[in-house]
Each structure stands twice: as structure tokens, then as C-alpha cells.
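All chains are identified by letter, namely A, B, C, D, E and F, in their written order; residue positions are counted from 1 within each chain.
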Amino acid sequence: MGYPSAMMLRTDNLTLARGGVPVLTGLSLALAPGQALILRGPNGAGKTTLLRSIAGLQPPLAGRIEGAQDRIAYAAHADGLKAMLSVTENLTFWARVFGHTDITPALDAFDLHGLADRLAGTLSAGQKRRLGLARLLVTGRPVWVLDEPTVSLDTGAVALFAEALRAHLRQGGSALIATHIDLRIEAQVLDITPFRATSATRAGASDEAFL
Amino acid sequence: MGYPSAMMLRTDNLTLARGGVPVLTGLSLALAPGQALILRGPNGAGKTTLLRSIAGLQPPLAGRIEGAQDRIAYAAHADGLKAMLSVTENLTFWARVFGHTDITPALDAFDLHGLADRLAGTLSAGQKRRLGLARLLVTGRPVWVLDEPTVSLDTGAVALFAEALRAHLRQGGSALIATHIDLRIEAQVLDITPFRATSATRAGASDEAFL
Amino acid sequence: MRALLIRDLTLALRAGGGFGLGLAFFLIVTVLVPFSVGPQAELLQVIAPGVLWLGALLACLLSLDRLLALDFEDGTLDLLVTAPLPLEAALSVKALAHWLTTGLPLVLAAPVLGVLLNLAPPGYLWLVASLALGTPALSVIGCFGAALTVAIKRGGLLLSLLVLPLYVPTLIFGAEVARRGAGGQEVTTPLLMLAGITCAVIALMPFASAAVLRMGLR
Amino acid sequence: MRALLIRDLTLALRAGGGFGLGLAFFLIVTVLVPFSVGPQAELLQVIAPGVLWLGALLACLLSLDRLLALDFEDGTLDLLVTAPLPLEAALSVKALAHWLTTGLPLVLAAPVLGVLLNLAPPGYLWLVASLALGTPALSVIGCFGAALTVAIKRGGLLLSLLVLPLYVPTLIFGAEVARRGAGGQEVTTPLLMLAGITCAVIALMPFASAAVLRMGLR
Amino acid sequence: MMPELGKYATEVLSAYAVSLLLLAVLVLWTLRRGRAARATLEAAERETGRHD
Amino acid sequence: MSIWSYANPVKFLTLSARVQPVLWVLSLAFVATGLIWGFFGTPEDYRQGATVKIIYLHVPAALMAINAWFMMLVASLIWLIRRHHVSALAAKAAAPVGVVMTVIALLTGAIWGQPMWGTWWAWDPRLTSFLILFLFYLGYIALWEAVEDPDTAADLTSVLCLVGSVFAVLSRYAVQFWNQGLHQGTSVPVATGGRSVDDVFFYPLVLCMIGFGLLFIALVFYRTGTEIRLRRAAALRARAGRAA
């Protein structure tokens, strides 16, 4: 096993905005294969904004992102589950979108066999989250970009997640995780608070022209 | 200050169902004024189901709930915020629904003054949650029923919440909280795992007649 | 109570709130009719009152899914049910807000659209009167439908399906008033029936809506 | 690609998925027309092709808000954009799924409803042909509208407002074919125009839709 | 002074009235919004201490 | 200086402050002269009687309604290609002016139609395509209002304007085809274009057309300035909120 390409994910002097207003500036980070990086920062610091940019959902105002193209599996607050499809159907769909077929490892890793035929809409908050995380395993993508992945999970499920993450890293994958709680995973930590944009920052902001 | 009526909240031998299937049976609990009770249990144990029943959103299959009528302020996963109203407008609306007018204490308690004129839709996950919790303060209700209240909150905000909760308890309020993480609040803990319904349980289920 | 009305009106007037969209839809349906049935003025004159009533009804119908569903999705409805307001009153207020933001503009716009369809001159008065009398019933009945379908994601079309049969009596009497008015005939009977329906529905429907909503949220 | 098609079709067929609701709406509009314009058979015969086309168009329009908004709300769209599918292709597939679950049933049901409105016998064939040719264009154009309004909460009515003027050419030529067909006239020119619009729209519109969707999600 | 408009006086006059009214509303609304915007901007500049 | 340098909002404000007084005076002068000349100084048409005086409002308004859309199309393209904020905001500012022009054309046309055709409204191709244009304007404005992020709103409305233009042209042909058989060469004796209009009517008409054009430009300049100021105020406030 293992992921084929062993590229670094790098961001270079990024400036990111939300609603036209710069949120982060001058942020550079590098993430090697096999590594996990935990983002920390108070509420509203810009973690979600950063992760969305790296996932390619929102272009940066300035700076560059390298090694992200087509290598990212993104998991946001919303899980992208269809309430009216069963657990298996949800997973199978995502597996096929990413060109895979086998969902058993994902069901195994998050202990979802017992729920396999339940409609996703009838799961509890934590069960939904487990399914949302299982989706990462069927993408086959080497870089996981996770926004508060352990919300609603009980301790058992957090352990399952940590195990899945470790396996992913062992295979040469990497992970970028925003979280407020302690995941008990050996990882570097990056506090983004120093990169918060001040009112003086205007480089490339969409409303720069108006200042 | 302080809340007028000093009633206990009690549930007596409750059986609760979700989607027609019993989830919890024989659950009795009592919550005195000034007390907080933390519900624990693995994902899918039935915490959300129990809280919704106590809030009056779903009738129990069997058993009784006492002292809940019109005394509950409920905070679910969803915060009931309007994206197109500002923070102040959102809070004022809820205050007026509950017959109050002053929202300053709520803004103070959750440090929302800086965000007061922002539209709720442009807040980050944790900022939204803070606003959702501030809503509890404008209800003036003595029993808080909270479903994973600290999701997405950073440590500073968790401390604000703990402080607000302590003030609420000091005034004779009480709180019933489902959570997976440690809130660092002096409270009793109730593990609901022993009350999980087994397949033998059928008392009062809506499909009982067919068994 | 008043807080709720004000909030609903504010939300409707905010960007994306949907005020004026009912009106726009009414306009568009009216405009599309000649494209589909052809441009002959005499033909249009004959079908004008009916088309205008049908258009107003559809415009009203389409804005129904905002009536409760938005509040359901973000959890407001759960919180409102546990708030110290009688749910019947809250729903009446929401229906009133719906009428003010949807029905009333339709009533006011109807004469202008009548011109496009070459409505017969005596018809204008009765068209407006029948719409003014009938659209409140549409809002209240629609509120019931919205309560029925609230827990269904994007239940918009199902809502239409459930509500449309309930709209039939209002439509029949309303369109009859407008048609007779345009033809210069006697309108008393259908007008009285229409008024009767509206009053009865305003008085009784909120209870049904509240009951249904409580069940749906369970 | 196929996975997406299958998923969309499965979802549409599940409870609350909206399959059949377009059809039901079509039926109900058709049924309400006699109530609103009056029951005279000759009048109905004249307006039948137009009403059927208009009804089909509205039914199609109303189901548009499920096309992307549901996927947006639960985060699926964000994930699809980052998935290894060209977004243009994904949107084409979604439009195809929309047509299969909405347009196709309308085409098949139209003759039955034609009977209700007393459609002239030679009209059936051309009504079905024009709908079969025109409804795919409605789905594809609608997909563009849905992409434009995806980030707007409950943009349903705004969606209608934006899409309806875009539907005008299709409606005109489609209804013209049906009307001429029912009247026993020559239909070649409008039929060719209709086919041309459909082909052009299918070929070009997905690019605009994808561009707009990327902007909206940003 | 007033030209003889014959039997079409109402039409011509109402056309002029309606159009000029609409134009006037447009211009006045534009000016009022413009003035409000100037005030808003000034307030914002004062609040944030920026005048560049 | 190239026109692109005015894409900077501040430069634009400076420029517009300089040209606006001239524009306003000129446009009002042209409109007033044209209308007064037309209203008081021209004879009646031998077939249409005094109603011919409506032409001085109807035609310039109709002309500007179309030109405003065209200007929005160009501005949208500039925004999409070169991302100059001023051009996006100018398109936004022009839309309401365009609607008012459309409404004036529709209303004066309707008032004119009553004596000439015996009806307020007929589904004549020209009138119909104007109605469709009106709908496009409405949709365009509604979309601007509904999207919160201003840049996203500019992007989305620009694409709508582009796609809408294609469909508007398509509709024009469709409508012509649709009502060709029934349309009895609507009795518009002077509508054959260009100089078929008698000189007596022609000169004041030209004045009015120029005047409406200048008025449109003046309004758009002014309104664009308003949009820029609002945007700047929002930007300043947003920054202040962030710093706090």
C-alpha cells in the first residue's frame, strides 16, 4: 500500500480573506508525507478559511499553495451525507466518485458494520460524524484536510479516528487538522494567531481598491 | 435576582423512542435547583432523545416528566440563528419572545459586544455557538437543557460558558447537559448506558401492537 | 407576538428574504400565458380573470415553503415551540406576515397585469376585491400545508400537492367573482361564499396548523 | 460520473425525493385551469396546447430548487467540487438526472392530461414531440439558474425569476409546435428552432453553470 | 401658451406627467441615496480614523 | 491617460466630480429644450393628432433602455476579464436607471396605444421583447440584492448579464416569429426609422435623445460614486471590526 506521489504540501506567504476582509496574512506552512499538522487558534482566527483555501474552494488573495491540486480529501463541519441514503450507499457513492469500489476498510475502521443498512438521516450526531470520517478512507487521497473532526464523537470513536489517522500517516499520507481539543496524536502544532490580519492589511483584498 | 419557583425537575421511569424504536427505558432522574447534571454515554446512547423529551419536543412512550412545563430553555445542535439578522437582532428577538428586553448581560457574558452588528451568517463556527449560548441568558428560564454546548468553542469561550453556567446555578437555576468532553464544572454525572433499551424492551413502543 | 411579526417582516425585506419575488412570479406567469396560448387579444380577454387568479394562487403557493421551512432548518422552530407563546397565535402571526409580504403586493399588482391580458374594464374592481378577500385564506391554508410538510427536506413540491386541493374552493369562488365581474354579471353569491371561506379559515385553521406542527416536530 | 447519475436517481425515487411531484403539480395546474377560466369545452380546446406547455414548464421550474440546493446544504457540493470529476460533466449529469425524473414523466403524462383539456386529436403527437424535444433544454437552463442561486438560502423564487425569461424562447417555439400541430398546420420551422435551441443549450450551458457554481461556492 | 392638444389632451398630458414623475423620482432617489452614502462614509472614516 | 487608470475607485471619484456638473447641466438643458420644443413648438401629425408629441419621451426612453443593458453587458465583460471594481459597480448602478427607462417606454407606449390601436397593450413583437427586457432587468437587480458578498455578486450578475443577453436576442427572434402572422403592421407611420420622420418632429426628437443619453451617463456616474462610497464604508467598518 502507500500513496504513490510523495509531494510536500506547501503554502507560501498566503493572504486569505473571508467576506472580502483579510483574515490571515503571511502564512507559510509545509507538510511532508507521513506528517500531521494541528492548527490551533481561538474562535474566528481563520482556521476554517485556511482549510477551505487549501482544499481549493476559495482562492487566496495573495501567495501560493503548492502540492494541493487533486491530492486533498476535505472534511468540513457538514458531512455531505444524504439523509435518505443508507450508510453503505453514501460511502459507495463517494468511493465511486473517487474511482474506488471497496468500502469495507472504511466500515471496519469506523466500526460502521452494525449501522450499514441504516439511513444516514436516522443516525445520532456522533454516528453521522463517524460516517463522515469514513468517507475520507474511500477517497484514496493522500492529504486529509479536517475541520474539527472529532466534534460529537465519544472517546471510543475518537480512538478509532486516531487509529485511522495513524494508519494513514504510516502509509505516507499527511493530515492538516483544525481542532480545539486534544486529539492525543503525535503531531506538530501550528498556532495561527500570529498570522491574523490587522486592520492595516490590505494586500490583494477584494476591497483593497476602496481603502 | 434568582429564579422564583424552586421546583425539582424529575423524570420517572421514562421510556423513550426514536423512529418508533425504544432507545432508553426505565430512566429516572432528579435535578434540584442550583444543581447541574451531566449526561454521559457513547454515541447513539440516546442523550439527544432524552433532552428533546424533557424539552417537550417529543412525548415519552411511558413514564412521566415533572417540573419541566414552561421552565426549560433548550439548546440543540442547531442554534436557531437567522443568518440575515445581526447578532443584536437575533438576541433581541429571542428576548422579546420570552418577554424580556435587556440583552446586555447576555452580550457581556459571551463577549459578543465586538460582534454585535455583524450578521449572524458571517460568524465563524465558534462565534455562532457563543451567540447560541447567549440566547439561554435572555430566556430567563430556570432549567437549561443543553446538547453538547461546547462544540467548536475554544478554551477561552469554554471558560466563559462555565462562568455563565455557574452564575446560573448560583441564582437557583439548574442545568442538564449532554457532553463528551470534560467541562470542568462541579456537577453530578449520570451515565445513561445502563438504561439503553434492549431488543426485549417493547413497553409502549408505537409498533408494540405488532410484536 | 409583535416581535415575531417584526422579525418575519424584517427577514422578508432583507436581501434574499423573498419579498417581491412572489410578485415577480405573478408577473412572469401572466407574461408567459400569451406566449403559450398565443397573442390573440379576444382570447386573452376571455381567460384573463382566470389566469390572474391562477397566477396569484401559484405565486402565493411558491412562497409557502419559506413560511416555516427556514425556521425549521436552523432550529428556530424547535425553540419557538418551547417558548411561552401559544403556537396557534405564533402561526397566525406568521401567516399574517406571509400575507403582508406576498398576498397584499399581489392584490395591488393585479390591475396592472390585467392590462397585459386585456382584461375587460368592469373586471378590474372585482378582480381586486376578490383577490383582497381571497388571498388571506390562501396564506392561512398555506400555513397549514407548510406545517404538514415542515419536517420533509425541500418539501416544496409536496407542499404544493397537498395545498392545491385545499385551495380549490377559494379559487373557484374567487375566479367566479372576477369572471362575473368582468362580464358585468351579478357577483353577490360567490363573493359571500368567498368571504365566508376566508373568515372560517382564519378562525379555525391555526388550531389545525399548530396541532400538525407539534406532531411533525416530534 | 455514472455513480452520480445513479445516486441522483435513487435519491429522487426515495421518500421525499420529489419524483412524481413535478408530475402531480402538472396534473393539478391542468385541473385548476378549468376551475379558473371556466368549463367551456371549445375555449379549453383552444388553450389546451398552451396550458399544457406552460404547466410542464412550471412543474419543471418548481423542481429546480432541489437540483443543487440540497447538495449545497449538506456540504456535498463542496466535496464534489474537490472530487476528481470535471464540474461541467457533473452538472450535465445532474441536469440529465433532473430530466429523467421530471421532464420525461411530464412528456409521458401530457397526452393523458390533453384529454382533460379536450385537446384536438392531431395535437397529441406534436405535443409529445415538442415536449420531448424542449424539456431537456428546460433542465439544462434550469441547472444554470440553480447554480446561480445556490448560495442563497431558499432561493427558490429568485431562481424562478431568473430562469423564466431564459425559458421564453423554448416556450415560444415549443408551444408554437404544439399549437400548430393541434391546428393541423405546418410545424417544421418552429420544430427546427426548438431542436436548435436544445442542442446549443446542452452543448454550451454546462460551462456557464460550472463557472457560476464555482463563483457561488467561493 | 398651452398648445391645442385636441381630443388627445389626456393621453399626451398623462404621458408627460408619468414620465417626468418617474424621471424625477429616479433623480431624487439617486441624490438622496448618494447623500446618505456620503454621510455613511464620513461616519465610517471618522470612526476608523482614516481619511486617505 | 488610458481609460483603465480610472478603474481605480478613487481616481474615478475625482474624475466624476470634475465632469459631473457639466454632464448634469448639459443633460438637463438638452432634455428641457427638446421636450419644450417638442411639446410647444411642433404641429400635430395629420394622422395621429397631438399624440405624436409622446414620441419625444417614448423613443429616447426606449433607446436608453436598450443602451443601458448594452452598457451593463460591456461593463460586465470588463469586470470578468480585468476585474475592475468600478466597472462592476457601474453595471450595478446602471440597472435601476435602465429599469426606469424601460418602464417609461412601456408606459408612454401604453398611453399612446390607447388612442392609436384602441388598446393599452398588444402582443406586438417590439412591445413583447421590451417586456422580456424588463424581466431581465428585474432578475439582474434581484440577484445583486440577494448575494451578500459583493465580489461574488458582481461575478454572478456579470455572467447572468452575458447569458441573459444571448437569450434576449434569441427571444427577440422567437417573439417575431411567434406573432408574425397576427401582427397587422401596427399603425406606426413614422416608425420606419431614420429620417422618415418629418424634420419638424426630427430635430426636437434628436435633442431629447441626446439629452436622455447624457442624463443616463450623469446618473450612472453619480450612482457609481454612491456605490463606491458605500463599498468603502463597508470595507472600513469591516476592517475596524476585525482589528477590535
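The rule is short, and it goes like this: a residue touches a chain if its C-beta (ideal position, glycine included) is under 8 Å from a C-beta of that chain, and two chains touch if they have at least 3 such contacts.
Everything numeric here is computed off the predicted structure, so don't read it as measured data.
Trainee: Among the chains, which is located farthest from chain A on the basis of C-alpha centroids?
Mentor: With centres defined by C-alpha atoms, farthest from chain A sits E.
Trainee: Pick out whichever of the two, E-F or D-F, is joined by more C-beta pairs in contact.
Mentor: E-F
Trainee: Is the contact between copies chain C and chain D built from the same residues on both sides or from different ones, judged by whether over half of the numbers are shared?
Mentor: Both copies, chain C as well as chain D, present the same residues to each other, with over half of the numbers appearing on both sides.
Trainee: Could you find the chain whose CA centre sits the greatest distance from that of chain D?
Mentor: Farthest chain from chain D, going by C-alpha centroids: B.
Trainee: Could you work out how far the Cα centre of chain B sits from that of chain F, in whole Å?
Mentor: 56
Trainee: Could you grab the centroid distance between chain A and chain D? Build each centroid from C-alpha atoms only and quote it in angstrom.
Mentor: 37
Trainee: Let me have the rounded angstrom distance from the C-alpha centre of chain B over to the C-alpha centre of chain E, please.
Mentor: Going by mean C-alpha positions, chain B sits 53 Å from chain E.
Trainee: Hunt down the residues of chain C that sit against at least two other chains at once, touch-wise.
Mentor: Answer for chain C, listing residues that touch two or more other chains: 15-16, 21, 24, 28, 35, 38, 73, 153.
Trainee: Would you mind listing the residues of chain E that make contact with two or more other chains?
Mentor: Chain E, residues with two or more chain partners: 48, 50.
Trainee: Which chain A residues reach two or more other chains?
Mentor: Only 19, 77, 83, 199, 211 qualify.
Trainee: Would you pull the chain C residues touching chain F in the complex into a rising list?
Mentor: Touch list, chain C to chain F: 15-16, 20-21, 24, 27-28, 31, 34-35, 38-41, 115-116, 118.
Trainee: Write out the stretch or stretches of chain A touching chain B in their complex.
Mentor: Touch list, chain A to chain B: 18-19, 41-44, 48, 77, 122-127, 129-130, 148, 151-157, 180-181.
Trainee: Could you pull out which chain F residues touch chain A in their complex?
Mentor: 8-9, 85, 148-151, 228, 231-232, 234-236, 238-240, 242-243
Trainee: List the residues on chain A that touch chain D in their complex, please.
Mentor: Residue list for chain A touching chain D: 55-59, 70, 72-74, 76-85, 89, 92-94, 96-99, 135, 139.
Trainee: For chain D, which residues count as touching chain A in their complex?
Mentor: It comes out as residues 2-4, 7, 10-11, 14-17, 73-76, 78-85, 217-218.
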